[in-house]
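Structure first, then comments.
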Amino acid sequence: MSESLTSAASLTFSEAQRILAVGLAKAEEIGQPMNIAVVDAGGHLLAFGRQDGAIKVSIDISQRKARTAILMELPTAALMPLVQPGAELYGLEHTSGGLVAFGGGVPITRNGTIIGAVGVSAGSVDQDVTVAEAAAVALETATV
Amino acid sequence: MSESLTSAASLTFSEAQRILAVGLAKAEEIGQPMNIAVVDAGGHLLAFGRQDGAIKVSIDISQRKARTAILMELPTAALMPLVQPGAELYGLEHTSGGLVAFGGGVPITRNGTIIGAVGVSAGSVDQDVTVAEAAAVALETATV
Amino acid sequence: MSESLTSAASLTFSEAQRILAVGLAKAEEIGQPMNIAVVDAGGHLLAFGRQDGAIKVSIDISQRKARTAILMELPTAALMPLVQPGAELYGLEHTSGGLVAFGGGVPITRNGTIIGAVGVSAGSVDQDVTVAEAAAVALETATV
Amino acid sequence: MSESLTSAASLTFSEAQRILAVGLAKAEEIGQPMNIAVVDAGGHLLAFGRQDGAIKVSIDISQRKARTAILMELPTAALMPLVQPGAELYGLEHTSGGLVAFGGGVPITRNGTIIGAVGVSAGSVDQDVTVAEAAAVALETATV
């Protein structure tokens, strides 16, 4: 019973593994090795993978993207215009232990509630977003 | 007697609670859940509340806004033009352990002396400022 | 509906306020001003209060105690023997961004699931534990 | 060709996944949910998993154990006597960004060269070591 409560509110590990697997497959499909991080509803890491050839700087960036998506309740791509010089949230990235404002962090929802997030990094921002969006809907599309 | 001295120089906890309560009520009134932090004249946290639905990134930001208002002796909104590229205090946010330069941090004064500050975060900057300004004058308007 | 899911999995703000109020009342009852922090199931701050006369070092300690109780799924008092020189987890406090291994952090449970935690600091460890334990069961005893 | 060079010098992602899978299976076998981190020869994260029920404090600890094993070129369990008060490396944990000196971090070798490490955390130290040692030899025992 306590398990079903947890399951309702946040990703399970097996769900995180499925999300990671979908993300890794998408990265292979587009030919760009990636770092992919999956966090729970509280922003805590559940699953991570770094493919051969993916740059190491993205170990940290992918995890920060996922955490930023949790803390902001938004895809990180939505933050980019807001943190520019002159814009409303200029300087936001320096709060909360360090946030990332470029695309590739996407919340994962169930019945309208955020239950986790995925962060992808190592490619162009477009590639990162493509892989993150594919991973973020893995539970909806999976026929398991 | 030492209490009246303290009361002159800095917020008491009961005053901080009243300020927090006024801020929370204002947030409800405008329909935007908020993180609200009240700090003393030294910038140290006295009272804090995060309403259901307020984004978690603002736990940190609201406290930094209040602390920035103490350290700068200014509302944080006044800093925004000063920290832009090319402006006089460009990079200020990276000092003193991390400051916030967007609106929502407001000093609280008594007889012209700063006795604390309030920081509000989770809405638009306009909303944050609205709630912070209402909270910052709570002691003046309260009929206690 | 998404609200009831959240409510099942983690403390609401109104619950956190009740827990804080019970802790503050207990601190008054034993005559020791306290810092009291209430965090959600992910370790994120929900409510905080520092009573007049409570030392400022405990602003940080109370929050770390609450966070430690979440991350360890244990009252912090249980950690003290484990982190001593020669004991199994010697050095534990230096991990996860800084933990606290002395008493005063207590998990809050509902139906066997941890839904948050309270951290209390400023008195002796015995006093901190007394107040934290009273606060941690506030929801069970409240007749609201 | 550069791939075979890399393969000689450090774990590949597919090897890291195999090591992680063996560790996760061992954790299930002994009935203790775990955090398991696999890092490359430079100490950089390759793969990570947190099983349902594993405490969150070990997200950080498992990664630090693996990194410590790389930096020291030793199983972390070997460090425990050395960091005690009065012993030769007292205070070691506070260097290099934070090390962990209790068991559960184990180097992974190929032909006598360290090619990565695994860090396991969430159980007793004995359980952590059991799972880490099983994972660390996954490549030798696998019939792939």
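A, B, C and D are the chain letters, set down in written order, and residue numbers restart from 1 in every chain.
Methods note: a contact is a pair of C-beta atoms (placed from the backbone, for glycine too) under 8 Å apart; a residue touches a chain by one contact, two chains touch by 3 or more.
Bear in mind that the values here come from a model prediction, so they are computed numbers and not experimental data.
Remark: subunit A and subunit D have CA centroids separated by 25 Å (rounded to whole angstrom). Computed centre separation for the pair subunit B/subunit D is 44 angstrom, with centres defined by C-alpha atoms. Between subunit A and subunit C the centroid-to-centroid distance comes to 30 Å (mean Cα coordinates, whole Å). Multi-chain contact residues of subunit C (touching two or more other chains): 6, 42-44. With chains as nodes and touching pairs as edges, the resulting graph is of another kind, matching none of line, ring, star or complete. Contact between chains, using the touch rule, shows up for A-B, A-C, A-D, B-C, C-D. Those residues of subunit A whose C-beta lies close enough to touch subunit D in the complex are 3, 6, 12-14, 16-17, 42, 44-52, 56, 59. Contact residues on subunit C toward subunit A in their complex (touch as defined above): 1-2, 5-6, 8-10, 40-44, 111-113. Within the complex formed with subunit C, the subunit D residues making contact are 55-57, 59-61, 64, 80, 83-85, 93-94, 98, 100-102, 124-125. Taken in their complex, subunit A has these residues touching subunit B: 43, 68, 70-73, 85-86, 88-92, 94-97, 99.
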